[in-house]
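Two complexes come next, and they have one chain in common, subunit A, joined by subunit B in the first and subunit C in the second.
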Partner chain A sequence: MESVFGLVGKDFAIVAADSSAVHSILVHKTNEDKIMLLDSHKLMGASGETGDRAQFTEYIQKNVALYQFRNGIPLTTAAAANFTRGELATALRKNPYMVNIIMAGHDKDVGPSLYFIDYIASLHKLDKAAFGYGSYFALSMMDRHYRKDMTVEEAIDLVDKVIMEIRSRLVVAPPNFVIKIVDKDGAREYAWRESIKDAPVPAV
Partner chain B sequence: MSASQSVKKIIEINPYMLGTMAGGAADCQFWHRNLGVKCRLHELANKRRISVTGASKLLANILYSYRGMGLSVGTMIAGWDEKGPGLYYVDSEGGRLKGTRFSVGSGSPYAYGVLDSGYRYDMSVEEAAELARRAIYHATFRDGASGGVASVYHVGPNGWTKLSGDDVGELHYKYYPVEAEVVEQEMAELPVT
Partner chain C sequence: MARYDRAITVFSPDGHLFQVEYALEAVRKGNAAVGVRGTDTIVLAVEKKSTPKLQDSRSVRKIVNLDNHIALACAGLKADARVLINRARIECQSHKLTVEDPVTVEYITRYIAGLQQKYTQSGGVRPFGLSTLIIGFDPYSGVPSLYQTDPSGTFSAWKANATGRNSNSIREFLEKNYKETSGQETVKLAMRALLEVVESGGKNLEVAVMTKDHGLRQLEEAEIDAIVAEIDAEKAAAEAAKKAPPKET
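Moving on, here comes the complex of A and B:
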């Protein structure tokens, strides 16, 4: 089962997700990137049904880009999160998207923010959030060790502790994780945590 | 395939792109043919070949739009474009994955085992073809729903070529030939008095 979690720090937000693509008992891929860059200052980590996850997050990404093209300015994180929730809610009673989303962003006026959006379209602005079986470990660990205004090192340390815990305690634990960060300088990949490396491919 | 032992499971979309068939045969055949049409239209409209990324995305989007309606397609799109070799796994649930090796179908876990243990990115074509043949053979040996012919194709910068199509039964005796058994005790006939 897929794990996604995230937290807000002093002037940044971090989202981490597992990177295995699974079908029933088979692991097709161990380095699948489930955290999408919505725009220069927004991240969206998603977990859920295969097709829905990729397709819905791309749909949101393209609509966020469209807004910027049309209006000349980017959406705020709050606006993007509410738009996403609206799309989930509209589809819910007919053709629901089975995707859980953690959206993180950095705005000049507000600073870093994190939004929890689940597949039945509930939206919460939070300091820390988690989805999946990994959330059983992530939430309590973050509740215990999280403080407001953590530095990047402290936050990554907490993220690593959570990843270790998921790896050791979850019965079908994903071996690899990707961590992405967003701050005033933008959204970017921070690190991969891989305990299973695929056969090495020479850099192109 | 329980109905026929000689079904073509590798579909030639165009001279430089192949699709594999797993799941519903009709769905795979139809939608691969449809993908071939769309790829050709792309070529005509844009005066250049479609990339493997593009072709796999076209198929994935079509299959996604039919989600929940009972299509059964598990396919790999393999081809060569400007960026070199490309391999994508696409299925009827709307999933699309880029990778360096995949195995699809009821016998796929068995094939993964053999494939993973012998795989290196810098294998030669002969090594890779033999690994693929072995993986299919071993999957067929253990999986009741797999069988028939192991087809191996090579996709290169100038398109695909068929390397081999061996009956899996014959492969069995090639890999594990019958050895003469050492007879421990023979029944002797009593002399007639």
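Moving on, here comes the complex of A and C:
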């Protein structure tokens, strides 16, 4: 029941993801960070098989870093998204990675951009995107309330509306979410939305 | 002798690997490179032979990053250097991918030296014709290091070293004048050593400084010129001081 969604604002892009790590009926932890900082100005939110997620996103991150050392300049967001899609496509007919990705980045010349990459290697450049059961609610909320060129406050308000919908309407809703933002100053964590903290329960 | 330098896999009767020694000759013909380790700063300085007027000098970088905390300069065949540097960069990322830790300077030096050694013991290949100077800070302890590798595949750590053209004279200078330095003093020591064999001036030197917090920084031509001017002034003052005492008596 993982949810990852993102949207593009005035000069920034936001990616939000739930932070539950689940195995069958057990919740391992509720503060798993599923949004990776690819480099200084790129975010990659990923959902899917835990092992595949870690393996694939780390592999992409190290290749993005290698490109920068080889060529002296960082990859553009579009190039990174296409590279990621290419890797998924190559593995698809042998060892598919069960990972869905929302990649957001900020480039100096192009501004903010968001890419939807699903586990069978579709790639779409979009203003808003979502994965998982939460996407039913996320896309509906964003379709209703999204406008072009929102400010950070308006965008976070919309993200909170989406999280509220997911929490109240999804049967096994993830309790906690992490929100990360990328703009001209770089990619960074914006906030956590926690309704359950991993605090120990006192013995009776 | 002629029979023992065709294929490198053959030892000569007196225990030489001639191809490796010839590779060292190629290094001796390459541009001079100096590395100096300070307490909080490590400096690499490389001779820049005169740039042809029409060449874009920015495309010829002699000091390169292998990772955020490791840099390399070399003397010898630059095309061979490209291959080694590429493999080293891949290894730096691969190490991070498999063990979640950045490489230590010693690890990547051992890797590069290992590659160079492989090519002295394989059929149908020749050794890499370059010696490298590798600098960096240990990712956890923050200790600065300077290592050198050569075509035979040996490597060792140094406080200061030189390779390439006239490296013996530079090393002599360093042995006479080395002391523990930090910050700008380390930069000046490295440049003074290189200026022993290289023509003075910002356009004949490429200098890069690595610190723990800011990584590798290539100095601009203007900065290099300014430091060269400082060094020249200090040299002149020292000369004058040497000449002055006899006058006082």
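The rule is simple: the second predicted complex is superposed on the first by the 199 of 204 C-alpha atoms of A that agree within 3 Å, B and C clash if a C-alpha of one lies under 4 Å from a C-alpha of the other, contacts with A are read in each partner's own complex, and residues count from 1 in each chain.
Just so we're on the same page, a residue touches a chain if its C-beta (ideal position, glycine included) is under 8 Å from a C-beta of that chain, and two chains touch if they have at least 3 such contacts.
All figures in this text were calculated on a predicted structure; none of them were measured in a lab.
Enquirer: Of the partners subunit B and subunit C, which touch A:50 in the superposed model: first, second, both, neither?
Expert: Once the two structures are laid over each other on A, A:50 reaches subunit B alone.
Enquirer: Please indicate which partner A:69 is in contact with in the superposed arrangement: first for subunit B, second for subunit C, both, or neither.
Expert: A:69: touches subunit C, not subunit B.
Enquirer: Examine A:59 and indicate which partner it touches, taking first as subunit B and second as subunit C; both and neither are also allowed.
Expert: In the superposition, A:59 contacts subunit C only.
Enquirer: Of the two partners subunit B and subunit C, which one touches more residues belonging to subunit A?
Expert: Partner touching more subunit A residues in the overlay: B.
Enquirer: Under the stated touch criterion, which partner chain does A:192 make contact with: subunit B (first), subunit C (second), both, or neither?
Expert: Neither: A:192 stays clear of subunit B and subunit C.
Enquirer: Going by the contact rule set out at the top, does A:25 touch subunit B (first), subunit C (second), both, or neither?
Expert: first
Enquirer: Identify the overlap between the subunit B-contacting and the subunit C-contacting residues of subunit A.
Expert: No residue of subunit A touches both subunit B and subunit C.
Enquirer: Spell out the residues on subunit B that touch subunit A in their complex, using ranges where they run on.
Expert: Residue positions touching the partner: 60-61, 63-64, 67-68, 83-84, 89, 91, 93-97, 99-100, 102-103, 108-109, 112, 119-122.
Enquirer: Under the stated contact criterion, what part of subunit A meets subunit C in this complex?
Expert: 58-59, 62-63, 65-66, 69-70, 72
Enquirer: Residue numbers of subunit A touching subunit B in their complex, please.
Expert: 21, 23, 25-26, 28-29, 32, 49-52, 54-55, 95, 198-202, 204
Enquirer: Where on subunit C does subunit A make contact in their complex?
Expert: Residues 61, 65-67, 86, 89-90, 92-94, 96-97.
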